[in-house]
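Before I ask anything, let me first share the structure, which is written out below as structure tokens.
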Amino acid sequence: MRILLSNDDGYFAPGLAVLAETLSTFANITVVAPERDRSGASNSLTLDRPLILRQSHKGFYYVNGTPTDCVHLAVTGMLDELPDMVISGINHGANMGDDTIYSGTVAAATEGFLLGIPSIAVSLVSASKGNYLTAAKVVADLVKRYQKSAFPAPILMNVNVPDIPYESIKGIETTRLGKRHRAEAVVKSENPRGQTVYWIGAAGAAQDAGEGTDFNAINHDRVSLTPLQMDLTQFAQLSATKHWLEA
Amino acid sequence: MRILLSNDDGYFAPGLAVLAETLSTFANITVVAPERDRSGASNSLTLDRPLILRQSHKGFYYVNGTPTDCVHLAVTGMLDELPDMVISGINHGANMGDDTIYSGTVAAATEGFLLGIPSIAVSLVSASKGNYLTAAKVVADLVKRYQKSAFPAPILMNVNVPDIPYESIKGIETTRLGKRHRAEAVVKSENPRGQTVYWIGAAGAAQDAGEGTDFNAINHDRVSLTPLQMDLTQFAQLSATKHWLEA
Amino acid sequence: MRILLSNDDGYFAPGLAVLAETLSTFANITVVAPERDRSGASNSLTLDRPLILRQSHKGFYYVNGTPTDCVHLAVTGMLDELPDMVISGINHGANMGDDTIYSGTVAAATEGFLLGIPSIAVSLVSASKGNYLTAAKVVADLVKRYQKSAFPAPILMNVNVPDIPYESIKGIETTRLGKRHRAEAVVKSENPRGQTVYWIGAAGAAQDAGEGTDFNAINHDRVSLTPLQMDLTQFAQLSATKHWLEA
Amino acid sequence: MRILLSNDDGYFAPGLAVLAETLSTFANITVVAPERDRSGASNSLTLDRPLILRQSHKGFYYVNGTPTDCVHLAVTGMLDELPDMVISGINHGANMGDDTIYSGTVAAATEGFLLGIPSIAVSLVSASKGNYLTAAKVVADLVKRYQKSAFPAPILMNVNVPDIPYESIKGIETTRLGKRHRAEAVVKSENPRGQTVYWIGAAGAAQDAGEGTDFNAINHDRVSLTPLQMDLTQFAQLSATKHWLEA
């Protein structure tokens, strides 16, 4: 089985290293990741300059571009054979609820999915205790399950893992994305040259963290697995919109 | 009525200028847009450095950040009063089908929507003939319609306009997003220093452009209006995923 | 007379506009400047991506690159005829003493000089009162003097102008560069994500501001004009170095 | 002896690794280098955003900034004790003649020098055969010589080493910088979106490569050592300039 790995924290990130090591025990791994931290990159594509591919001492490839660029370049131009799966992560920190819109981790997996390949994004919630191995083992479990019983394609899975030992995990729950409160306001500051500058503030706290959401699963020490789709059409509003236009 | 305008082509883009001029005849306009072309920026947020806000000779504000940064900064920190609407565009080129995932134009409107404000993204398909005024008039029509009859909030509308005179437009159609074929492969090239470089290739041609899609509306000289949503959960797959996990 | 103008504050900077307007009364002006503020860019060249040339509503060209890129592109590829002179500025703030090493304003003029064209860098010291017109008139005086009596080529002149009305200027003084004290330490701070970040601190105060220096001229309300050269060889140390190596 | 190492090729560059390993046998090494390739960065300083310091698996520190930023941050804010020497390199490719103006390798050493610390920039000419160890040994020789017999401070040395085995080196020559011919013109190209783009062309060939220059030393398989200075004043022109102004 050939797996393409990427992330948004950069090719040197510890979460990526642990994931690559764990998966390489039973799969053929190629890493193509950004040369620097691109957290918050969302699905951005680099259109105003070409990309350069380099290789690190570990054999990891890295690209002067976004997570989406990495997967796009690997799949459409670099790899001789299509990967059987694209996995992005292990992200340092959660990607739940509205985070998925901004996340470069989810974006790398999304690009695999849009190119027709089953894809998984995996994030370690909080990450302060650094239980990357827990997340790596969870991914290995999912991949092995997929090898035995292929999920009806196409798939795009968003996986969030609590930052606790593997043994303490209380199962995997299929979830919907929760909702966050509005993000914190920008943080106004001044640089040493006396200019006013603004930092993007923290994400909002969970607003809809009820039964069935990713937030709720994590709060109960369970892995959250949310199947995603990329058609942004608001189907439920199509007919109301039509009426509004014609009124 | 207070309208916040942004785009992804940069604060100096002709489409933005035409839109601002058209809307300012009946609304209070504030422009906050990127200082340079950020096409393809998607929903990326700038987290590794603070933003600086400057003002051009026209009174337009510009920010050394992404389209999402612009709207986020304006709404959460800069404007004294919340805008009644966020409008992003007029983009130079279509944002249909899967383009919406990568588009900075759609992202700026999305940020307004996620912050609780009715938002519209507007793009001029092809744009080679430069009928920005057509698109500006279409947006003005929609805004005036909204003033008379508020759409049940919240709304996020993706509007694509054919690049033809206003008089030639054959109506507005409520559509779903079509699908594109897989993107073209990266274009391999060499820079003058002899390094191999890769350009991201063109978007794929329309694959699903059938009845009811945005592609179809445009092909028939109609404005396409697609209501969007930002919950990426694949609800239709929740139960299959659950079964797969438990099998 | 054909003059190529550039700067490091960006093509939209007020100092550049005033300079272009003043010089265009008697010379043929082309502006090619960075698309965004590139203060502190020094002589950096963009080697990892190609440059794009765009034109603003005023007819100014702007480039997604450094000040050096702008002059290099204009002279080696864009202009049909070589300019008779390259002028960079009017910078917002002084470029005296060691500043010249880091300055993008000086770098743009340096690039003209290295390409064989007489070049002037001009900066408005302090700039808080905004007497850009004073600096523009001083440059016009120098250019007219040069038209009547060509300086033995090649030349690279670094001009600093006090931020006072033209009538208050007490002459032009030929100066050597002064020296600054060591720069201030980096300013340690924390971003909203809790990461430690460091801002480059302010330049040091003048250390050698004695008779004959640029600092001294400015302190006496005189324009400072320093002829520069770009051979960094420390000729005075050649023989001592040889002895040291052979000892 | 405490040595601060930096470069402009990025903290992962093979030349830096070889240099660090060679010097660490007899000196206390700290590496602070750019997180990505910043060739051509010259003395640029990052003023519009703060810097972040990270540490790689090897213990090397890396910074999201320029070579100058790295040394500036290390010396003015990060290191508890001042280094006894700053060494920048081993650059992949020559830094001779006018290259020194644009070079990030030279710039990192320059920053050490301007902060009062003896500094060396070292480059491997051509570098296609990868004899980094030759250059590392040459630097080790120079440092050991300096330990025995301190050069009269302050010093800034620009060292270029032929890409041949250490045993084939025919001595070290104290040189002046040569001159290059005008750089090649920009290379006009088109990106896949049909936009005209311009790549900065190659550096010019050697024009003054005569007896006593760095080019000449390299051409004879000798190491070139050029003492540099950073006062750009063209002293030889001061009096002619004065006359010109007063004529």
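Letters A, B, C and D name the chains as they come in the text, with residue numbers starting at 1 for each one.
We take it that contacts are C-beta pairs under 8 Å (C-beta built on N, C-alpha and C of every residue); 3 or more make two chains touch, one makes a residue touch a chain.
Not measured: the values here are computed from a predicted model.
Visitor: Tell me which of B-C, A-C or A-B has the interface of C-D again, with more than half the contact pairs shared?
Guide: It is A-B that reproduces the contact pattern of C-D.
Visitor: Counting C-beta pairs in contact, which chain pair has more, A-D or B-D?
Guide: When B-D is set beside A-D, the one with more contacts is B-D.
Visitor: Need the CA-centroid distance for the pair chain B / chain D, whole Å please.
Guide: Whole-Å distance between the two chain centres: 45.
Visitor: Suppose each chain is reduced to the average of its Cα coordinates; what separation in Å results between chain A and chain D?
Guide: About 39 Å, centre to centre.
Visitor: Give me the residue numbers in chain C that touch at least two other chains, ranges are fine.
Guide: Residues 37, 47-48, 50, 52, 64, 184, 189, 191, 193, 199-201 of chain C touch two or more partner chains.
Visitor: Touching chain A in the complex: which residues of chain D?
Guide: So the residues of chain D in touch with chain A come to 12, 35-37, 47-48, 50, 56-57, 64, 191, 193.
Visitor: Applying the document's contact rule, which stretches of chain B touch chain D when the two form their complex?
Guide: 48-50, 52, 64, 184, 187, 189, 191-193, 199-202
Visitor: Provide the residue numbers of chain A that touch chain B in the complex, in ascending order.
Guide: 37, 39-48, 50-53, 66, 68-69, 72-73, 76-78, 98, 100-102, 104, 107, 110, 114-116, 145, 149, 151-152, 155-158, 172, 174, 176-177, 182-186, 188-189, 191, 195-201, 225-238, 240-242, 244-245, 247
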